[in-house]
Amino acid sequence: MAMVCLSDFEAYAKKYLPKIAWDYFAAGADDCTTRDENILAYKRIRFWPRMLRDVSVMDIRTKILGSEISFPVGIAPTGFHQLAWPDGEKSTARAARAMNTCYIASTYSTCTLEEISTAAPGGLRWFQLYIHCNRAASQQLVQRAEALGFQGLVLTVDLPYTGKRRDDIRNGFCLPPHMKVKNLEGAFEVCKMSPLDPSVTWNDVYWLRSLTHLPIIIKGILTREDAELAVRHGVQGIIVSNHGGRQLDEGPATIDALVEVVEAVQGRVEVYVDGGIRKGSDVLKALALGAKCVFIGRPALWGLAYKGEEGLQDVLRILQDEFRLSMALAGCASVSEIGKHLVQFSKL
Amino acid sequence: MAMVCLSDFEAYAKKYLPKIAWDYFAAGADDCTTRDENILAYKRIRFWPRMLRDVSVMDIRTKILGSEISFPVGIAPTGFHQLAWPDGEKSTARAARAMNTCYIASTYSTCTLEEISTAAPGGLRWFQLYIHCNRAASQQLVQRAEALGFQGLVLTVDLPYTGKRRDDIRNGFCLPPHMKVKNLEGAFEVCKMSPLDPSVTWNDVYWLRSLTHLPIIIKGILTREDAELAVRHGVQGIIVSNHGGRQLDEGPATIDALVEVVEAVQGRVEVYVDGGIRKGSDVLKALALGAKCVFIGRPALWGLAYKGEEGLQDVLRILQDEFRLSMALAGCASVSEIGKHLVQFSKL
Amino acid sequence: MAMVCLSDFEAYAKKYLPKIAWDYFAAGADDCTTRDENILAYKRIRFWPRMLRDVSVMDIRTKILGSEISFPVGIAPTGFHQLAWPDGEKSTARAARAMNTCYIASTYSTCTLEEISTAAPGGLRWFQLYIHCNRAASQQLVQRAEALGFQGLVLTVDLPYTGKRRDDIRNGFCLPPHMKVKNLEGAFEVCKMSPLDPSVTWNDVYWLRSLTHLPIIIKGILTREDAELAVRHGVQGIIVSNHGGRQLDEGPATIDALVEVVEAVQGRVEVYVDGGIRKGSDVLKALALGAKCVFIGRPALWGLAYKGEEGLQDVLRILQDEFRLSMALAGCASVSEIGKHLVQFSKL
Amino acid sequence: MAMVCLSDFEAYAKKYLPKIAWDYFAAGADDCTTRDENILAYKRIRFWPRMLRDVSVMDIRTKILGSEISFPVGIAPTGFHQLAWPDGEKSTARAARAMNTCYIASTYSTCTLEEISTAAPGGLRWFQLYIHCNRAASQQLVQRAEALGFQGLVLTVDLPYTGKRRDDIRNGFCLPPHMKVKNLEGAFEVCKMSPLDPSVTWNDVYWLRSLTHLPIIIKGILTREDAELAVRHGVQGIIVSNHGGRQLDEGPATIDALVEVVEAVQGRVEVYVDGGIRKGSDVLKALALGAKCVFIGRPALWGLAYKGEEGLQDVLRILQDEFRLSMALAGCASVSEIGKHLVQFSKL
């Protein structure tokens, strides 16, 4: 079977992963409306491409928080990579480094931050954080990440409680005994749902600020009001995200929310988006609407499920080629030429 | 089979109820467009959730006409509960009381008001009334209900004649011989359709007012004009309802009509809504659009069909958990924080 | 099989008619988009019903061009009724008279005007006319109809050439040898397509006017401009029609065009509509939008196919019952209470 | 099997062509959204036809760049006609001449320009050009075409790189060994993708202008901005095209883009459109929206696949008959009567 586009990897993963793992990765909250909307919303955006521009030399690099990446696609934080591939997050880290892009390692990794660092020294990595009831545990994680050279801290704010994912309930989802949420070992027992602190508020961003010199990126913002608050609380970046449709169902597609957030932020901080990216042209759309970079979640897992580090590189390379081609066909030779004029929301 | 969400109960009921009973409960008028629209209209409403609010302590209680209920979901009046479960409305009354919510008992109950009262003393109950040609019969029902401690009178106004439900006609629907519309025994013969009085007008609300000290809630209003009339005729509450899509087909979905009614009423009386509630987040949407409480019809019957009182409690508990979770994920810690800002009608 | 609604008759006809006859009746032009739109457009209209009106005495009668009919549904002109039932148009005439409504007999009848008249003396009938190249033949038809007591002349204007109906071409559609277009016998040979005159213009309305004292109703108008021209040329009525979607495909649904025409006409002449009526509530919608009466085409043929005169009466009676019920449920006790306030075009 | 409409030819071609050839002709870029949108967009346009116009004498001829054609449908440039029929472009040229219309021969023909010319002397033909890295090769092609009597030069501008067509990648699409891109023989090796020059800009239109006296038509324009640039750079015509949806996926349907381009051009040059034409009424829509003529791509190939020259004539004749009929049914007797008033974009 030729792996031509990302849905080929999806089909592979669905076929070869254990059902409980596939279901966990695929899960959306409730009716999965938002999970699916993330994808459908991209299809409602039309390009209005320009012709006869010199696109013989294409430059698809960009910078996020000052670091150059080979193209504006990073790896979103997702949990439990060993469910997809035995080497887990170590493979993810290696693939991201090989493709010269950014990998956001999840708190819920099945490898430790130290293992991830050692697996791919020098790679650009951010660390994703939940604030736990046990604040000392969170503080320790932040300081470990900073010490290990992670270059950004991604605070997830849309999970005061875990969303209701029906298939996980039916399956009684739980990590197999030989896998562990290693970063948290000792601190808590993960299969007991959500040891996270639901009392967290904007003030805790100041607390987090006091713990680290790393830039703080806030993940899970969907409204202009919260975007404004994020800027006012001094974060360096915002990831527009609905947690892949796994938290509150029937919220907006992230690409729709991006428009609101970009308008509110007015360039004061960098804005990124995740959710629903399935083709290079989706990346182009997100950038045209103001995202500095996008992050992929499930497609990265499908790549891992296919062939570990190599499979994830395949996924990234396909996205890279498709992005470059769609840029050229839209008449843009470099990322700086991408703008709002390229796209229009279809009313249908 | 795990009962995870309300559609699990629907599937169970469809599988295990006699076809004639399932068809009767499921029936909509004509093409069932409005029945289905009630559900689809909820799916067109998008949440715009807020983050980083303290949702560690959740308060989902509310009050209807001064009585506290554990969460804003009551049991709508539906007929013939013995078709779903041998104990019929007695089980319904017990489940509602156990969950500390309101049960609107139907005129077309298969248990008497007295049996219902005795089954669950102290429960919060309203009585649903049609005005019959035989006014004395209606008067007697009102006075029995008041005497038995029912705390509200729900006048259904959308059934001057019974809607055309094709499957009931094909099935020749009729109660089995061992069931009776006990409240009306002697007074009329129910399988002869509609002994209801189609000449009823707004003036009859004054007549009803003269019979009882109970608050009057009018059920079946869909337009702003009728909402205004209801307020002017001194009712205490309005249930926006299209009778589950069983009367005039191709009227508005109730959640769409709610917006009109709430705008017309301007807080002068309480407004409730029924029809199409299938998830806790639907309750959140209805409250965001101005409903004080919602009522569930068919899902309560599915609960009964599953395991009687216990099954109905399961249904209510799932809705309660889902409602609480969706509130928290939307950033609301108490019902008073729910507002219009949370939702937007999708144009798609 | 119980015959509960019109689609039951459709299913019956599809099952029992010879394929060539079914296909001919069912045919739409090209992709059948307009044929199907006629029906879908009704589904996009929402009722906003009023409650607590006295609907104990229902009056569903109306008048068209001064003649009272039992309810606002007549029989549209369609050809070749013997394809549906051996007695053909004689059965149609009898059923229409029995139900006290108007039957528009087609030029392409398989019975003569005289046979139709004799079959149901005293029935309210209009005659549908094409203008043929052979004007003498048209003149003779008009005068025969007038002499036989037909009370209106319906000039069809949307068939300068026959639309492209793919199935008829594939089937090589042609009347069976024992059927004849009796009104035209001798005058032309019907299976040779369209002996109609494509040079007809508005001036020919004056010519027609000069031939007869009958009121002239023009059938096939879809735009406000043509409606204005019709009024100016002195017609008495307009039937908004797209020939059941059999002529120009991808024109407007008739219920959508009705709105335009009614607005243009401003009450100066009566406006009717055909196409897509499948339920009593569709009739209510058409009247709410300004039609004085509707005409049914294919459903009448299904009724004939089911049981001839009796089957057509069944169809009409179902429509009558449904119309009365939907009026009552919308809060109207008589046709004069029906108005624009009852309906709204859904944007979905 | 009767060949009644263009989809009959499509079905035939799908059934009888080798899969690799069918897939190549059918291919769209990525998800094929734009390919399919080209067709769907036509279905969203509604006619508002006028009645009682004299349509007894129909004149469907038009002129493009001064040359009369029998009706406003020409043959768009598509490659590799020998994949559809052994005689390839020679058959295409003969069919176009027989039907008295314009054939735009592709650079990627499997016959030489000389063979095409010889096959149908005197036919109206334009030559489609890509600008290659090897400019001398392009210049030579232009001069050969001009010398052979081609009357227009169509510069394709939407293919700086080849779009990603998944099926072609899966199939490893490549011409069979006995077929050659004969016009380019010696100059390049075609299965190595895109020897085209991606550095081409508007200035190269001046270069092209300097090579030839032929009118230049620019193909692949979708925006008003590029239409303005085309006019300013002195072209004689614009073909609104998205390359049959084979280049940038999720761009606009061509009929939607046509509206933009026509508005920008304001009659200064002729505007044509290709993509999605499947019925005569589609041609009428395109003309109503301002196109001077349309071009068909895939349907021409289906005609070839059916019966070579004869099959393509069948396709053209069906389109011609359908176009004439839809014009008449819309109330237009000549192309000059077609206008914007005939159509409206449906909001649904």
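Letters are used for the chains, namely A, B, C and D, taken in the order the chains are written, and counting of residues starts over at 1 for each.
Here is the rule we use: a residue touches a chain if its C-beta (ideal position, glycine included) is under 8 Å from a C-beta of that chain, and two chains touch if they have at least 3 such contacts.
This one's a predicted model, so the numbers in the text were calculated from it and none came from an experiment.
The chains touching chain A as well as chain B do not exist; no chain touches both. Homomeric contact chain A/chain D is classed as different-residue, with under half of its interface positions used by both copies.
Put simply, the C-alpha centre of chain B and that of chain C have 42 angstrom between them.
Between the Cα centres of chain A and chain C there is a gap of 60 Å. Residue positions of chain A touching 2 or more other chains, listed in rising order: 347. Chain-to-chain contact here is organised cyclically: the chains close a single ring, every chain touching exactly two others. Chain pairs recorded as touching, per the definition above, are A-B, A-D, B-C, C-D. By the touch criterion given at the top, residues 30-31, 33, 44, 157-158, 160-161, 163-164, 166, 169-170, 197-202, 204-205, 220-223, 225-226, 229, 247-252, 257, 347 of chain D touch chain A in their complex. Across the complex, chain C meets chain B through its residues 2, 4-5, 43, 45-56, 279, 281, 321-322, 325-326, 328-330, 347-348.
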